[in-house]
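After the structure tokens below, expect a handful of questions from me.
Note that the chains are named A, B and C in the order they appear, and that numbering of residues resets to 1 at the start of each chain.
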Amino acid sequence: MKVVTTSPAATRALGARLGRLMAPGDIIALIGGLGAGKTVLVQGIAAGLGLKGYITSPTYLIIKEHRGEIPLYHMDAYRLAGPEELEELGYEEYFFGRGVTAIEWADRIRALLPPEYLRLDMGRVEDGGDEDRSLLFTPYGERYTILLEELKHHVDLGP
Amino acid sequence: MLILGLDTATATASVALVKGKELLGEEILNIPQKTHSQKLLPVLARLLKGAGVQVEDVDAFAVSAGPGSFTGLRIGLATGKGFAQALSKPLSTVPTLDALAYNYYFPGALICPLLDARQGLLYTALYRGERNGPRRQTDYMALPPEELADFFLVGEKPVILLGDGIELLGKALLAQLGERAFIVPAASRLPRASSVAFLGLEALAENPLGDPITVEPLYVRKSAAEINLEKRRAREGPP
Amino acid sequence: MSQLILGIETSCDETAAAVVAGGRRIRSNIIFSQIKLHQPFGGVVPELASRNHIKNINPIIQEALDQAGVTWEDLAGMAVTYGPGLVGALLVGLAVAKALAFARRLPLVGVNHLEGHIYSNYLAHPHLKPPFVSLVVSGGHTDLVHVLGHGQYCLLGQTRDDAAGEAFDKVARVLGLGYPGGPAIDAAAREGNPRAIDFPRAILPDAPADFSFSGVKTAVLNYHNQHRQRGQDINVAHVAASFQAAVVEVLVERTLAAAVKCEVEQVAVCGGVAANTALRELFRIRGAEAGLEILFPPPILCTDNAAMIAAAGYYRLQAGCLAPLDLNAVPNLSLDSR
């Protein structure tokens, strides 16, 4: 499923729709370069989960935990040189925990991702505006196929 | 000589007090829900109190040095270093696999301590049981369980298995070993600080000064950062 | 009772120990920076940082004692950072500190790293007295704090996305200036015109003490991409200077507005980004205009250090806040979660 958003606000709104559909144990792996809008999308997911407070960049701390009815575990794998470094941060508590996990720069720790997760490739749109972003969702596993089907009902995919 | 042993290489935390050839006391807490940072010092304080020993009376410290969980190893080693520095006493680092093999060595047997190294790998080394202790036959290794099969092929000796990595061995390998395999009873299967302390005593008999205060854990696996950097340097050639 | 506190700090990539007397006078301040180790990776690699902390922490503690000319018997207590920071890195300092304190029977206090930064100005300026407003600005934090007394803080505002120092790092990466980004952009900007490009200053009308630096980061990226697509070179010095001006202006304006609102006379700026020359210069000019005294620590106290931890620890110890044996690292610790 591919979506193009035309502003950070639209990316955030899409994240919020997704967040409202997400359940404990869900994992979303975000892949895309600097300024692709990964954190903005996660801010939306947090809003959709009903979390209050700021969702700031996890770059410095690698993992940020946001408490709520369904907690959000927000990770940034950019500075991890490889999967075992995330293990040292106790990732298992997060992946198999009672919250939603969002991982930025997930391509850096692919070996650690469980078999089932939602992959999201984000990037700028070629010949598009500065604020245009393409979002390509790929489900791995039935749970995420269903999740995307539900999301489709809520999103105008455009022409 | 009174020595305090520490082991936090796996999810198990243990501390032990050994005096000469005698075990004075040992505390083991196999509660993964709590971190070593939360467990280690309270357990240690309890052991000292129970044994009626003041920390100043301890003559030396022995720490399980790895391989194991990187963070766990560092908490144990940092604690041991802190004690050694504060009291100007020697510190001895003991390879975790050596200590594990020491838990259950039987003369003539092949001893195979196994620790879960994550990502489908095992930390292991092979030991030959002798009357006065296990004698190491291989390097300390991090390898996939399948590769262990080669080490088991030789001979008819019983193979003594212990450590938290046993479950990763797989049915095929266990079936191949058949009657030769012996899984150590649960009480001796996990790392124990008493074994660390006894081996620390032996090491200090050889080298009374112990290890330098800058001693590092025995990681066995390089950090991914170092591996990546080496790859990059090899590609780019010498500067 | 002696007034000497031994401080230990390992929250990120500096291994540090220091001895401070009476919470104000630095007797020694040893900092081992790992920055060269992390440079090839464009940022601090957590596992590498932890590996170097465990190797170096004890000799650094010894050096701090030796340089201060004190022995264990002379100390009144110890202080250690327990958050925020990288969990594996924090745990090394914490484990060493707990063992040292236990073995020497010294009282130990856990110190919030951000509180530590606030205390760097107490060390540098003996006349600094609460209440004042403090801006803690570094690679991981951008917090505006009303300091009401020792250990009493009111968080006025914080970043909603990237920390200021993080924006410097990311923009430096895009401009090919290397890591760490703060000093690199500071240096490049000296040759550039801060008015050359009009990068956005985020306005947050509903929260005037909050910050947002994600927008300006993306604006620099856009500028860079547009020129690259057209095959045009960019003037790195102009971009660096203009980006820096956008960040610095927002930091200075929000901080001074908060100081006026809180009716304080002193503003204390601290953290790694407080070493930025443009930030210091603009604070100096605008502070004078507003009739406020602006305080900065010397650069050696802007960087992560243990003297600030010992200073904060001294006051916490006086307040009787002792760390339990099971004190754990809290990577997400914030100033108001104490």
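Here is the rule we go by: a residue touches a chain if its C-beta (ideal position, glycine included) is under 8 Å from a C-beta of that chain, and two chains touch if they have at least 3 such contacts.
Just so it is clear, the model here is predicted, and its values are computed rather than measured.
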Fill in: Most centrally placed chain, judged by C-alpha centres
C
Fill in: Chain located farthest away, centre of subunit A as origin (C-alpha)
B
Response to the item:
Distance between the CA centroids of subunit A and subunit B (whole Å) is 39
Worksheet entry | Whole-Å gap between the CA centroids of subunit A and subunit C | 29
Response to the item:
Within subunit C, the set of residues that touch 2 or more other chains is 41, 45, 47-48, 50, 87-88
Fill in: Touching two or more other chains - residues of subunit A
80-81, 84-85, 88
Worksheet item: What parts of subunit B, by residue number, touch at least two of the other chains?
Response: 70-71, 223-226
Worksheet entry | subunit A-facing residues of subunit C, complex | 41-48, 50, 84-88, 139-141, 158-163, 166, 170, 173-174, 214, 217-218, 221-222, 225-226, 331-332
Practice prompt. Using the touch definition up top, name the residues of subunit B that touch subunit C in the complex.
Written response: 35, 37-42, 44-45, 55-56, 70-71, 74-83, 85-87, 213-214, 216-217, 219, 223-226, 229, 232
Worksheet item: In the complex formed with subunit B, which residues of subunit C make contact?
Response: 40-41, 45, 47-48, 50-51, 53-59, 61-62, 72, 87-88, 91-100, 102-104, 325-329
Practice prompt. Using the touch definition up top, name the residues of subunit A that touch subunit C in the complex.
Written response: 34-35, 39-40, 43, 54, 56-57, 59-65, 78-81, 84-85, 88-90, 124, 130
